[in-house]
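Chain nomenclature is as follows: A, B, C and D, assigned in order of appearance, with residue numbering initiated at 1 for each chain independently.
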């Protein structure tokens, strides 16, 4: 059918679209608005609005996410994916801070402040120098450490199990590699909600 | 006989009418109709609730709760027990103010009210939604000794709304458009990229769940349903759809919802929920009560379409028997299976293995680890083994 | 843009980001997971409730409440909105004390606890239940100006339990047995007779509804489901099944649930729900909003199996068009139909007519009255006509 | 399969069955227990336990059911089906009173009292003389007025509509025979529950 066949709703005006259109693309920064921010200004806003959860230097408070660290850890037994070690695109950082942070008042920061925070977090991760000014031109150019390690096409299925029916393994070889018994990680599943905090 | 099980009413019947057959509720009058104009479960079912793992997340606002699969039957999850996954808590939205914008590479950008959306041709479908992190805690080792906590991030409902393709026809897709960005009205402004082909195939923009309006936790008044794809792309509180020529690489598809491999590379855009199954009885919450005849019960699901077959093993995968699939077997919906089992009282290792209509076979955790290591968090669709001890107790275990 | 629809948050974004796009709930954090471990609908859906007709019955304990079909979508009725019909109120039963006795003309009479019943092989089915008095108020004339009150005594759910035939095999039916007496544990000790053939065919003894335990109003912890037969025989709070050689002629199948004919005779044992359909949009509660393209939506059901076809007329039955049936079309379940309609703004008489798989055609009220007069109370399955006036308002009418 | 194949639950003992087995068959009174009751005794119990709802002489209070009257009304425009005018079997009356009445304390009456109440209600309907004593032998013999007017096999389908598609009726003949508009019988369907009592 032709566009508008039903005719329900209203055509969105350019002004309306401008008011809703907040997304920024990671790869090329498309959608980044005018404005700019320095690392210094970022440090100030960060101390005020972010440090309580993410730690003064991005080290994370409690179980809130770290924003730094983990560089070189991705092949370790306990990898630490962070902006510094894992994120492929810097404009995504602007986009996420803009849309989702600070957690209790999301999408309330000015574009300049989001630029400044982005600059600050990138600098905490040694991805930009202290003099870095974040804006729509500079951000897409920031080289992120893990940029080239993503495969964007799904290689699955990556297992090829055959549905064997009988004597599929030697019964004598069947043994447990792990059990959840006695690990004390599982909240109760009857009675009121469990509040267990530690392991 | 007219004596009560419990307390004997003042006007109880003749003493000879023994043994007691009437309970107190049979000799009194109960609450009338519309006592609860909107009903709720029996008080004695108070334990059947969504539950969380408090130590798992920093705050309940960016967290998850699990469906009590051990107490559910059939393929429909009642709305009150559908699992939750929020990134900025549950917004309580005024539907009169909610709008959906569709724009970007379209001929005729639109701003739609809920009233507008309700007028489009309706479609109703039964589909599961699974968080790809379901079972994530068991990647490294058997951790959660519970069906609810190991598999409870999957639920299934009847969704009603409008096909996304209908809305996209109405705005007119420009030929350069290849991707859609879908965004929520929650504090997270949750957003994901979807290939246009999937949008035009079977995605639904829904306002009703199991007949009634969506629940707030499930995206009231509007959510996207992306059948068979990981929960996170089923954007709740849907407020915006933008068409573009490239994906967005939002935080939720780079920092999160990517799968880290042992070689340090990561897989992005792994949307599909591969075939998975689990035995729901017995399970850690529902042990066996002495030797005898039981019915093994379970659920299977796949993002690739319909379930073709489910096999069950009682001996840790040495031998398998094909279970019975229960009707209706619907595409991208939970499918129920059962198999009778006479338990002799000896230790057993029970497990189920699903094969979907593409021929894909559910792998063991060992097979998965061989490909993906144990740090990929998401998409653990491995065979679940339950250890049954001779006292009937049941534990979550993994096999070497 | 980051200004709120409503009140502007203290830290609102830059003024130039106009026009406002964010609502307050997008700039704050919502309640966390398990805020409602068992969920409930949005506060803004408070009008979507079961409702009663207070003047209809002497007391709410022997009465009925109606499902809000005008606000429901799909074929599943959420448990909170399933219609109610009680004869002695809603007993609140302790499932640990509830037992089912099966006796009479059997080899091996049994007393089963809920735990016992849960062990039998499971079966899950989606079926409607309709009170045969649904629409009874319209026998004489169009009375209730409402979809909820004219058709709301039908609901549909996914039931899980055990086949009655499985239980009867377990007790061993003696060959003299021809009938079953089924009885509830409510104050009414509600009892009905059922032919053994139906019991062995497709009856279910169920403990779950839409996944979770039955609701108290629906028979918790145990009810009988008699697919396609009048609601009253679907005994709730089921406590006893007795086999016999003749029917019981209980009060509920003599004084009530018999159909009085114009010649003074009455029809007894009229169990079957004949094919019926109704347009759920538009309806008195959901008028039209000016001329334009609409989608006519409705539900059809039949106790005889599957729906074959539904036709819709906009001119009071002069001309008909065949509507689209939506999948899944299940036996003895609600079936959804739709048909696009471009309304020119002129008065219309919209109606639907179902044909089931036996070829039975839903009759007009005039045809029914010709056979049965207007005093038979039950089994009014006639075509429902809605009058649409030029202002879009909708009324319940009958045609000569 | 053989009875007892599953083996779940317990075989019901004769004593247990005796305690549960309350049903009485309408046609032959099978299941009626020992005991008896007079019209006089019935009048006393009735006055105490039943009259508040059903009226001193069975005439019904408010919208509670009448237990008498309506004889000969079944072909009228407004028939009144009652025990006297409609019920086919007297033992059904015993069964129903025993299982379901009095409404707020059902199944608490002794067998003798149920016999007495049955006798009283039958006598109110002139179906038995004042000296009538109800017991397991006498009740099945009471001749009920409407006994022979029930058809116990369902004659449906009793309509044979053809699914005509076009010009099925003359458009000019289509007219309303009734409308619910303005009748003021319908409770509201938005907002809180309606409490409308009158029409």
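Note that in this section a contact is a pair of C-beta atoms (placed from the backbone, for glycine too) under 8 Å apart; a residue touches a chain by one contact, two chains touch by 3 or more.
Since we're looking at a predicted model, the values are computed, not measured.
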Taking the mean of the CA coordinates per chain, how far is chain B from chain C in Å? 26
Any idea how many Å lie between the Cα centroids of chain B and chain D? 47
Which residues of chain B are in contact with two or more other chains? 22, 26-29, 34, 37, 49, 51-52, 59, 61, 88, 119-120, 187, 189, 239, 293
Could you list which residues of chain A touch at least two other chains? 6, 16, 20, 22, 103, 106-107, 193
Considering only which chains touch which, how would you classify the arrangement: line, ring, star, complete or other? other
Chain-chain contacts, ordered by label, are A-B, A-C, B-C, B-D, C-D
In their complex, what parts of chain B are in touch with chain D? 1-3, 9, 11-14, 17-22, 26-29, 34, 37, 292-293
Considering the complex alone, what residue numbers of chain B touch chain C? 5-6, 22-23, 25-45, 48-52, 59-61, 63-65, 71-82, 84-86, 88-98, 115, 119-124, 126, 158-160, 185-187, 189, 207-208, 210-213, 215-217, 220-221, 239, 289, 293-295, 297, 326, 328, 330, 336, 338, 340
Touch list for chain D against partner chain C, complex: 1-6, 8-12, 16-17, 20-28, 53, 62-65, 74-75, 79, 81, 83, 86-89, 92-93, 95-96, 99-100, 103, 106-107, 146, 149-171, 173-181, 183, 185-187, 189-191, 193-199
Applying the document's contact rule, which stretches of chain A touch chain C when the two form their complex? 6-7, 15-16, 18-20, 22, 103-111, 193
So, in the complex, the side of chain B touching chain A is made of residues 47, 49, 51-55, 57-59, 61-62, 68, 70, 87-88, 101-103, 106-113, 116-117, 119-120, 137, 141-146, 148-149, 169-172, 181, 183, 187-189, 191, 239-240, 242, 244, 246-251, 254-255, 258, 260, 262-272, 274, 284-285, 309, 311, 315-321, 349, 353, 355, 360-364, 366-368, 371-372, 375, 379, 387, 395-400
